[in-house]
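Pasting the structures here.
Shared between the two complexes below is chain A, which pairs with chain B and chain C, respectively.
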Partner chain A sequence: MFSLIRSMWLVFLHMFHKRETYQYPEEKAPLPARWRGRIALTRDPDGGERCVGCYLCAAACPVDCISLQAAEAPDGRRYPSFFRINFSRCIFCGFCEEACPTYAIQLLPDFEMAEYNRQNLVYEKEDLTINSQGKYPGYNYYKVAGMTISGKDKGEAAKEEPPVDIKSLLP
Partner chain B sequence: MATIYIDNKAYTVKDGRNLLEVCLQLGINLPYFCWHPSLGSVGACRQCAIKVFKDEDDKKGRIMMSCMEPVRDNVRISVDDSEAAAFREHVIGWLMTNHPHDCAVCDEGGSCHLQDMTVMTGHSYRDYRFTKRTYRNQDLGPFLNHEMNRCIQCYRCVRFYKDYAGGKDLDVFAAHNHVYFGRQQPGRLENEFSGNLAEVCPTGVFTDKTLKSHYTRKWDMTYAPSVCQGCSLGCNTVAGERYGSIRQITSRYNGEVNGYFLCDRGRYGYEFVNSPQRIHQPAIRPHHNGTPSSDWIVAQAADKLRNGKAIGIGSPRASLESNFALRQLVGADHFYIGMSDMEHDHTALALKILRDGPVRTPSLHEVEKADMVLILGEDLTNTAPMLALAVRQAVRQEPMQDAIQTVHIAEWQDAAVREAMQDKKGPLFILHTFPTKLDELAARTQRGAPDNLARIAFAVSHALGAEIPAVNGLNDEERELVKEIVQALEAAERPLVISGYGSGNDAYMKAAANITWALHKKGKQPMLSLTVPECNSLGLEMLGGHRLDSALDVLRHGDADTLVILENDLYRRADKHIVDEMFRLAKEVIVVDHLYNPTAERATLILPAGTFAEADGTIVNNEGRAQRYYQVYVPKDQVQESWRWFLQIAEKAGIPRLNGLQNLDDIVWAMTVAVPALESIQELAPAADFRMAGQKIPREPHRYSGRTAMLANENVSEPKPPEDVDTPLSFTMEGFRGEPPAPLIPFFWSPGWNSVQSVNKFQSEIGGALHGGDPGKRLLEAHVNGRIPFFTEAPEPFVPMPGHVHLMPIYHIFGSDELSMHTSGIAGGAPEPFVIYLNPEDLHQWGASPGTWVNFEVDDHPYTMAVEANNWLPRGIAALNAGIRGAEVVDMPQCIRFSNVRTETI
Partner chain C sequence: MQQAVNYWWIIGGVLFVLLNTAAGLIWLERRMLALWQDRYGPNRAGPFGLFIVLADTIKLFFKEDWIPPFADKIVFVFAPAVVVASVLMSFAVIPFGPNVLVADFNIGLLFFLAMSSIGVYSVVLGGWASNNKYSLLGAMRGASQMISYEVFMGLALMGVVLLSGTFNLREIVEAQRGMWYIIPQFLGFVIFLIAGVAETHRLPFDIPEAESELVAGFHAEYSGMKFGMFFIGEYLGITLVSSMIVTLYFGGWLGPAFLPGVVWFILKTFVFISLFILLRASMPRPRYDQLMEYGWKVLFPLSLLNLLATAAIILILK
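So, the complex of A and B:
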């Protein structure tokens, strides 16, 4: 009898508590920056594509929902000629982001991707690429890699010596 | 045998090897860079360090390089020793100090020996925080990409390129920590085996440039064991596919055939599979509306066969199964061998010599062990490239054995053996009209007209005791040469005579047979290697059929009006006017092929055939070794195996000879029943119902990616994976993950060993056979007690005929093969078409100058070509680049008559 009254009293008290329910979609929940939601392809500080088509994200993906084709631009930069994520398979585990050596692929705090038609969940490169550096501002892979691209010759990357003069015998 | 103790565990191993080989063979993971099973040890990279202990009581031991230490009985070593392990980790650390942060953009990544070894040693954090050395790269041509920053100075590239393959234009430059591996000037690498650098290089300095143009990581490709279609040697390859196109060909180790290497034609000649000239849909000509269904087209073909008098023309570049299916479809009496008459004569002669003669034909591995080589009328680098590479190793045999005897070092002590050998070379004699790349190794070379050179070879066989009439009329120099060759042949233990189709003169092959048979009679153990024109020439010849020129007669007499042509461009098989007449006479032409070519243009019905990558089949190489190649992927559209088309047509047409046959095993069975000579093909590879632990063998690596996305743009619901009813391989990544039987190994991979170096794990002995024996079955063995008479008819001395020239073929590694020419890098290295070469004096006599057009006649049919001077041609002999598109004159050798020399130049 007592416990019954106590329960009713506690329920009554809850009427005056702060509401935990968000009135979604009118009201959005604040998501932390490291929330693993929609996947995006980010850009370098100089605006170039960060993705170099190394296939590591595809290899890391436990549901094999990433497929791409690497290509090389005339300026020496590698890029994916297509990049496709099948979000109807994606489990948002973030392994692709972890595997990415160029910080290109990043998971964003955005989950509103629901579709009535499953085919619409297949995102191509145009759908994935954003005009932002995402969570890693300032990082430029080609500045630390040894490959030459136009505008960055051998020896001009971070911590590189000028190219060896192979005709020199000096130590 | 010796007993050695590794980490206090006793093993019994073979003497004469080094400790690195032994450890790898025992399955111990020991890192290495500079050692390569085919190149030997030099101890340069310091990576394979182990601890060696004096005796049981020695607890301290000393660090030594395992690749430089021979196996000694009761030697005690430790691989796991903490000091040795730390040493190895430090060595990698030093090698990595200058290695760029490139893995993401490096084509080697995922199949990189340096990555594997770094992980294996446990070096995971870079201690070096200073600047890195950089280099400028070179453009090395269409086959290889150069990225010198990645170099770890193991010297494998120059050791392969210069020492093993005889290349001249790749070397090491500069000094101390600045050494540079490249060419003196940027430019195309000249050696025909340059592509192997991509596999030999343990990291990404040299990578496959054709792969780069459609780059895919190793783990992402669908693989199948395949066999090269580029020449008659049948080198084993691994073909990799992604997104419906072939991406890469790598060497598939076969201890008996190609070992670790491939030639550039074999490695890069695959682009025809992806060619825009591929036939994807069946078609009826000339009324072609839309894409017919495969059922309807099969019914049409069956109608044409039923209503007409059909003959079938086979192909030396199609599988035995396809040729056999066509033979059964039209009946053996109506089956014609789709080779030019010259090719047919040569192949038939080669088959007769190898099948009925008492002398064994060697595998490429045995060629490498020959201690004396005589080459008759062949430019091996161009007609059978890997045989040329094997001869290069054979030439080292004699001086190497000497060095091993005198200075008591093992064969694998590469640098020391080479130092001891200096420039000494074993006996190699080359008799050929033109200079060849092997001439630099030869003790003697002789040039001249093919008939005259063949006479020298006949004289050699006579001097060795062959029961043939003496060859008279040789001059002093030639007699001297005969004597020299005879001495060398008699002194050798394992002499090898090589001949073949390369000069278009079968007197060479007869002389080669005579020489080896005479040696055999004397109790020697000679070897005889004969090249044949194409990948399945010998198999087709074993299947048998009528000559191609008799097909024309049959058409002329009206005994046939329907041609069924299997994977064959007849314009490459006979002179243009002959083929034109055949097509004029034929009412219906059914072509089953994979590329549009001049023959397909004349077809009334086209069926799309699968290439080596889309079909299963068996081909027979020049030593009579039958080898199976497997379908790599399921093609889109209506492409299927030629034999499958024929089976479907036969079913529709109600032909009982092919009744009830459905898949590969059925047709192989039917073939072995019909042609007893091919019987052992049944045992070539496990049948389609073979399972390991109840599972099929997956064509895809376990990390294969993108399965649920690669086709999602077409339909988000994934299609059912294709099934393979013909073989024990599956088209997916599901299946048995252990080691498959040798003929079914789709790719080499082993835990911790992602690069091609993982092949160590598949060998029963390092550099020896694969587990369970190398794949392939020899169909021809020497007929030891065979009594085949010597070829007595030595050719007459060559005398120029007034008003005529004798036409001979010149073969090119890049250009003479039909299919590989679809690779742009190979086409770029091909010689000019429409060119006929003449001796400068002949040129002068005809009133022509280099570059002018000449008209000449073949059987009263006119042809026009440009003339060029060639100083090596004897008077009265002209030469033509064989197999080049537009060559038009195919029947060689033959006599042609110049009718008109025009003065204008091209």
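So, the complex of A and C:
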């Protein structure tokens, strides 16, 4: 009996507590930096696309909402000729971000993507690509990878030794 | 003539205020619950979210009014009306103010008890006519709960009747000019409060509708305005029990003269309505057998003791 009255009193005291609610449209909830929201394609520090069209994100996606087509530029860089994410299917699991070897695909702290028309939830490459490096500033895949592109030969990447000349006996 | 017109004004006014109170309680309850749960509750539509009442009412009116094919149609339609009618009838005897009174019955208190007994019919008939096992279970629980709690509700009230020597609610209020009956009849007040919660089958004693066990209990099959009638009946019931508590134990419309009697009555009633909501916010629902055990093994002997002690003290003082 006493505990009942005590609990009534404690509940009554909640009258003077701060309310937990965020008045959402006016007052936004603080989203952590690692929030898994809208998916974006980031750019490298030079402004080029990071995506190399390896299909790993599409393969990792559990709901198959990513579709893309890889292509190769004349300078040897690979890029997606189209990149499409159907956000009406996306479950924001972040597997694509984990799968991405070039930090291209990233999930942003933004969830306000509601649309009246379902078709508007299909984002094309132009809608996905953002003018930012996202969570990995300074990372440039072609600068650290051993891949040859025009203007950068083997062994010219950052932290890369020049290739060993196996035809020569000299040390 | 003037007298008759006055009566109509009072009846109309009481009906208007009561029905609006019952609707407004939807808003009040949600806001108060939210306040005690560190939320806001409905605060978007209109000032302080008050228009939620309007929205809810419109929604209820436009919902499909469906009678299940397996239901007992006449009784099914009749049951929700009973609860509202019986509760509204009880309000006839309550003195809201010095002259604001619909019917000055000399058996007012008995009339209240009779009407709250009739309210049981709506639960039983509603659950029975729905022809659904959950409804029936809810109705059975409701019937036994309300009937058994009515027993010592009546017994608890007898203390007040002994003290004031009348069943007339207006005279009971007048008799409290010296001292509110909450002081000599504290035990009676507690028993009446608990019995009142059980009588209106409000939380924590919402066992007839216990949604986690019985879906919605006796009104599981009801929709639209028929459900609305049960809903309004429940809120009217809260108002009724609160105003009965105020009338019987807290001096009704009596209070310092700087406010008119009706305002005192409304203020005191509001406090008890809030107490009902606080009960809902803080109490877990007891098991069914616990409820009956508590009623018959604790409250019933207590109310008898209260009655005996009150009677003995009155005899000695005489």
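By definition in this document, the second predicted complex is superposed on the first by the 151 of 171 C-alpha atoms of A that agree within 3 Å, B and C clash if a C-alpha of one lies under 4 Å from a C-alpha of the other, contacts with A are read in each partner's own complex, and residues count from 1 in each chain.
By our rule, contacts are C-beta pairs under 8 Å (C-beta built on N, C-alpha and C of every residue); 3 or more make two chains touch, one makes a residue touch a chain.
Quick caveat: nothing in here was measured; it's all calculated off a predicted structure.
Residue contacts after overlaying the shared chain place A:Cys93 against neither chain B nor chain C. When the two structures are aligned on the shared chain, A:Met113 is found in touch with neither chain B nor chain C. In the overlay built on the shared chain, the residue A:Val164 is in contact with chain B alone; chain C does not reach it.
With both structures placed on the common chain, the touch criterion links A:Gly53 to chain B but leaves chain C unconnected. Looking at the superposed arrangement, the partner reaching more residues of chain A, out of chain B and chain C, is B. Contacts of A:Ile130 after superposition on the shared chain: neither chain B nor chain C is touched. By the touch criterion stated above, A:Gly146 is placed in contact with chain B alone, chain C being left untouched.
Overlap of the chain B and chain C interfaces on chain A: none, as no residue is touched by both.
Those residues of chain A that touch chain B in the shared complex are 52-56, 58-59, 61, 63-72, 78, 84-86, 88-89, 101-102, 118-119, 121-122, 124, 141, 144-148, 154-155, 159-169, 171. On the chain B side of its complex with chain A, the touching residues are 100-105, 109-110, 130-137, 147, 149-150, 173-176, 178, 180, 212, 214-217, 219-220, 243, 703-710, 712-713, 715-717. The residues of chain C lying in touch with chain A in their complex are 34-40, 278-279, 281-283. Residues 4, 7-8, 10-12, 14-15, 17-21, 23 of chain A touch chain C in their complex.
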